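What follows is a single structure, and I will ask about it in a moment.
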Amino acid sequence: MEEFFTSAVIVGIFWATLRIATPLLLAALGELVCESSGILNLSLEGTMTMGAFAGFYVANETGSTVAGLVAAGLGGAFLSLIMALMTVTAKVNQVVAGLALNILGLGLAFFWYRSIYEAEGSIDIPTVETMAAPWEFFPIPWLTILALVMVPVVWVFLYRTKYGLELRSVGHNPEACDMRGVGIISRQYVAVVFGGVMAGLAGSFLSLGSTGLFFPDIISGRGWIALAIVIFGNWRATWVLVGSLLFGFLEATQLALQASDVDLPYQLLLALPFVLTIVALVFNRSRSNVPLSLTIPYHRGER
Amino acid sequence: MTETILAVDRVTKRFPGVIANDAVTVDIRRGEIHCVLGENGAGKTTLADVLYGVYRPDEGTVTLNGEPLELQTPGDAIAAGIGMVHQHFELVPPMSVVENVVIGTSASQWLDLSEVRGRLNEFFRNYDVEIDPDAEVGRLSVGEQQWVEIFKTLYFGVEVLILDEPTAVLTPQGVQELFRILRRMRDEGLTIILITHKLKEVMELSDRVTVLRLGKVVGTVNTADVQMRDLAQMMVGREVLFQFDKERSDPGEPVLEVDGIHLPSVTGRGSLKGLSLTVRAGEVVGLAGVSGNGQNALFDALVGVEKPSSGGIRIGGVDTAELSANRIAQLGVASVPADRIAQGLLMDFKVKENLVLGRHRSNPFSRGGLLNRGAIDGFANKSIEGFDIRTPSASQSTRTLSGGNLQKVIMARELSGEPKLLVAHQPTRGLDISASEYVRRRLLEERDRGAAVLLMSEDLDEIFQLSDRIAVIYDGRIVSKTTPEQADLESLGLSMAGADTVEAGSA
Amino acid sequence: GGDDEPAATTAAPTTTAAPTTTAAPTTTAAPTTTAAAPATTEAEMTEPMDEEPMGPTELDVAMIMLGTKEEGWYATFIDSVHRVADEAPYGLTITLEQIEEISYADGERVIRDLAQTGEYEIIVGHSTYSDAVAAVKDDFPDILFAFSGSGNEPTGGNGYWIDVFIHEPAYLAGIIAGAMTQTNHISGVAAFPFPNVNGPLHAFIDGARFVATQLGKGEITFDVAYIESWFDPATAQEAAAAQIAAGSDMIYAERFGPFSAIEEADGVFGFGHFTDQLGLSPVVLTSAVARWDAAFMDLVDAWYAYTTEGVAYDAPMERIVYTSMVDGGSSLGEISDLVPADVQDGVAQAEAAILGGLLRVELKTDPIE
Amino acid sequence: MADQVTDRAPSDPQPPDGDRRRDPLSMLFQPGAWRIEKRLVVRPWHEFVTLVAALVAAVAIIAGLVLVIGKSPADSFAALYNGAFGTRESTLETLVQATPLILTGLAAAIAFRAGIWNIGGEGQFFAGVMGTWFVYDLWGGLPAPLLFVLMFISAAVAGAAWASVASGLLVRYGTNEILTTVMLNFVILYILSYLLAGPWQSPDTFYYQTQRMADTTYLPRFFSVSRLHWGFAIALLAALVVYWLIRRTTLGYEIRGIGSNVVASRYKGIRVGTVTLATMAISGALAGIAGFGELLGLHHRVQLDIAEGIGFTGIIIALVARLHPLGVIVAAILFGALVNGSTAMQYETGIPKALVFVIEGTTLALVLIAAIVSRYRIRKTG
């Protein structure tokens, strides 16, 4: 047990926390902006898969991680554009649209992957060079830096720019904005697609940032967790950061515990992050910042 | 100053099932205050919305300064110099006053609230209004929100200003204040279109009036040339009587006894600070006050959705302070909420379902957990009959009913149980003369039947018309009590504004 | 000749041997070759010397997978099928149809539908599907069903259960780990505590402890992280990172993922599982490779015997399992140059001992810790 | 319009763009004097026409993809149809697919009717599976009828209980139920995994799975040829019960009430908290019963991947069916057909499994859009 508290383990948990938090943070920040405009995008799982693949494919073709990241962003943007078409333009129920696009996103990525890499047994499993760490003292992929930088960026965008203010107003009361000549559709498109790009990057962290592989179930639930983190974070960038780190920390800790001689039924360790997130939420009693018209489509001049 | 600034030419706007504007032709002159008068549903708001680019007319044209006006969006209207204050507020509740003003107006991409805050304070000082620019709009009183709406629009520096029933939520002083400002703006060259169905205001303020009925223009006249009665006839299409001849009441036992209740402010619905009040059987007590002084809180406490932190409420001798909403209802308490759509009705339900809301669990409407549709249908048809609710059928979706008819549904529901106590909050808000007349007569009938009626209203005419006794609520307390006979608008308005904070003893 | 037949029989008592002798070979041949095509009898009689390929010439195999074919378990099976196909047993052209992402829940439906297409003679899957096989097999008596792994219950009949153990190569890998570890702390990243998972892990640690004591390196600590998934490289990688942080420097990657974490740290190495993963990452020292060739060949034999000689399918009521490098169930993958020569020699000796039957690697399948 | 943009004060560069013309889809509908407007009444044939249009579009897209990978669209769609309704067997198999989806669809529908976003159907399904096994494990020896009743009740109760964790937190602390239900989906899988690794693990296999249940507990099947079991009948019955509950009972009235307007409901004395708890309990119970059916009807042993996204698919189905209990039946059967058909397509024509997801996703997306579009019409004006 005391061995568990060696500095190496602590340091290990520290970096692991950041690594695990990175995709969650990226996706959650994107979803935060998206939901601020009143659109609930449940298709993070599928969007991240798209990003993970697009990034992997391009990086694998070009050998350039940066090109991969760009592609990942575009991949995410593509699916979220469909989301925007369905929810903003066609005003389809946002929950069901999101769930449907989860299926579609996974399918497209997998289909695309297969039609390119017809793997035959163990011979040719495609891999890519995993993303480098920026500095000696920061031994994890630099996409993490981007994720952390995005926290203040998103905050400033939402709370310190005209566009951000208007975007949030749209999320609270689209009619009021419409009556002020503030474009609702454009802002919601921007928000949804921004969310898609972020989710795409988040997905690519798993393929380019950590494993150097792609496979259909690469996201395995992380999209859902990101969604939960947005709610946990009460729609505030800073708390989204806290939520992502908390989650990353718990996951890292339980893995470290497994690597130690501490003996616990590991399933319970794995469940710990989810339980604690709920508990934390229950004790977070501050007033809700939920966008007042989240999931409610707006039609001008209808009642 | 007879130059036409805004010419509406044979504008028609249809809605599914309704022709809201039927070949409407009006010309608005530069620098005039032009009232658009009409009953509910006459098409006033629709006309305004057409001028503001919310709707595009199906037929007809609008010209501004001689140039055809092709509005696609309100944004275009604003760009063209037309501003509008809506009947239903267009505010973002969780945001501050400043932020609400900035939306759609800020010049720079970076928010510079300080600059806006400055100009706003200037405005407020200029028209001496007390509002903290950084206050959260959702927590402001309805009256204050009204000001925010107006300043929001003026902030654009528009050349034509449309106000859709702006006085509904103002004190007499507030109304006077507004009119003073509007006149000043007119003299500064602004053109003002004021939508209302309050004849007094038209007579007092407007230069010219256009009367709409059922979407058609009945006529446009110089205010100076007409009498109130004429306008009323144009508007309603028949004689209207303005005074009720109600006979004196003979109050019986106290039914409602409120004894110094306190209620902390929850979700911006105001707070109570030791309010005491008594209503006897067979009398109407009118509770006058500017909205936001605790009427909502009192209403919530009486019907039992909020529990007072201290003090007592007795209804028919039973202490109800701790009882649940439906236990209180079972004591014979009926209530008409201020916001009929938000608090009174399930818009997705059928009319008949709304007619039994609250009594859906009790005989004869349900037995053993099952709805008794026979009983419900029977009752619904009876109510639709008895209250003259205009709906194709009892199974019609409530959503498609008109404002007045929605209110009738609520009245029918609440009065059907022959209540001991009736709490009516703004029962005629947003209704037209005929609908209002109907509702008021109903309230008096209840009084005469022997019910205790507590009438909360911001419409002083209504208070004077109906009340046997008048109490004024200010800042969560009763600050003065009087009767229609003794009281006069002036003093009442003053105490509503909190002029005399002399705590009056319990009545 | 159908018409002469009665004539011949009636002729028999009267006439002499002449017709019967000619009749003899055909009549004797008849019963044995009923199953075979008439061409066979002709071949036998005309040119008995050089054998023409007889019976079926094609074997279509369908393989259903829980996940994708990148996963080691399937990849190594596919490799084996290809190797067997290259040898074209019985002159068969063997084709393999691969169907991915079929959940346990869908197993029965998919297997039944596959059988109904009538295109496949052998349908294989992971032993997750043994329930499905049990439910379907009797409706398609001509098809050979098979499932691989340690998991489930035998079905008998035309439902074969095959498996391989790779604890021996894992033991050899352990020798490398034990010899090369600096920290005396080695680890495994694994899916679930299942026998096929635990076996190699135990052998790995045994191999390591063996050399450690040989070299007097003292006690070796071992830990394993179960990531609770057959395929989640991101988590597997984090698990490895945690182990490295805890001081481990030799990691047996029972699942995909650890290598990228290992690459980050220096002085830490990994070992592949199922497939030869030397090419996958520079930090891989060697791999414990599973070989299904023999097991798959058994299936082909059974099927061929059934189709050609009508030998009824009779799957044993326990696993057909290839337990060792001797019977070809497993092998040690390529060894990285990073492994010092003397260590390689040690491994070579141990390998020889195992193949020579001198060294028996114990198979332990209980969960670690 | 362009001049109006320039008309605007240079201080405000943002052109007003709230209108439909800047909205890609609507632009298609905006030539000159044509105007989109909402229909006051949507007639069945409106919906039918748009639905057909959507399916045609879906077929076109899918055909394109099939061509991309060099297969024949004709064969593929033939296979799709055969796999769904081609033969009596495949039709029945489609119903087998639909069975759990009807129940989880109903579970979602009733919760959404009350305005409660229960995304936890997946977890509640597993709770039901566990509840069933729990009883079997304890009293497996009981006479079949009694055992069935107990297992059924236990499944429903377990599903209800798991859902009530979320609704309890919602009512007591106002904890967002989307979050809690999503989280609980993960939690219960780990709990189950723990049980399957330990107390419940079958002694004679090493998988995370229980023993196979005695065949006395198998739900009877309708036709010898197919796997269609009584679970389907239970699902149909459940749909009728839910329909009846929503329309005919006071509870149903209150469920719809809080879904329509929670504030007004509270003012009129509806106990919002109580109704919320009841609704979620019913919702969870339905999902739990789905677990009961799948376990006793098909799998006969508890496994971690006994179900794949059944809860989530249920949500899609509920919303495609516009939360109508009987519509749920239809939607579920069609979805089952889509799943079976596209898997058949997979091995009949050798398209990769990946395309199956694409087909499902594309079809869903287009059908959803169609459902909305049918509420509008384009009218010539001016």
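Order of writing sets the labels: A, B, C and D. Residues in every chain begin at 1.
Just so we're on the same page, contacts are C-beta pairs under 8 Å (C-beta built on N, C-alpha and C of every residue); 3 or more make two chains touch, one makes a residue touch a chain.
In this text the structure is predicted, and so the values were computed from the model without any measurement.
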Pair of chains with maximal C-beta contact number: A-D
Chain occupying the most central position, where position means C-alpha average: D
Inter-centroid spacing, chain C versus chain B (mean Cα positions, whole Å): 80
Centre-to-centre distance between chain D and chain B (centres being mean Cα positions), rounded to whole Å: 43
Mean-CA-position distance for chain D and chain C (Å): 39
Per-residue multi-chain contacts in chain C, two or more chains: 101, 228
Touching two or more other chains - residue numbers and ranges from chain B: 73-76, 78-79, 105-106
Touching two or more other chains - residues of chain D: 15-19, 38, 190, 193, 197, 352-353
Graph class of chain-chain contacts, one of line, ring, star, complete, other: other
Every chain pair in contact, whichever chains are involved: A-B, A-C, A-D, B-D, C-D
Contact set on chain D toward chain C in their complex: 83, 89, 93, 96-97, 190, 193, 197, 204-209, 212, 227, 294, 298-301, 303, 305-308, 340, 343-344, 346-348, 350, 352-353
Complex contact set, residues of chain A against chain D: 46, 82, 85-86, 88-93, 95-97, 99-108, 110-115, 162, 177-178, 181-186, 216, 221, 224, 227-228, 231-232, 265, 267-268, 270-271, 274-275, 277-278, 281-282, 285, 288, 290, 299-300, 302
Interfacial residue positions of chain D with respect to chain B in the complex: 1, 4-5, 7-9, 11-12, 15-19, 21, 35, 37-40, 248-251, 253-254, 256-257, 259-261, 263-271, 381-382
Of chain C, residues touching chain D in the complex: 62, 66, 97, 99-106, 108-110, 113-114, 116-117, 127-128, 131, 150-153, 192-196, 228, 365
Residue ranges of chain A touching chain C (in the complex, touch as defined): 3-4, 6, 8-9, 11-13, 15-16, 19-20, 110, 119-123, 125, 127, 130, 133, 139-140, 206, 210-213, 215-218, 220, 251-252, 255-256, 258-261, 263, 266-267, 270
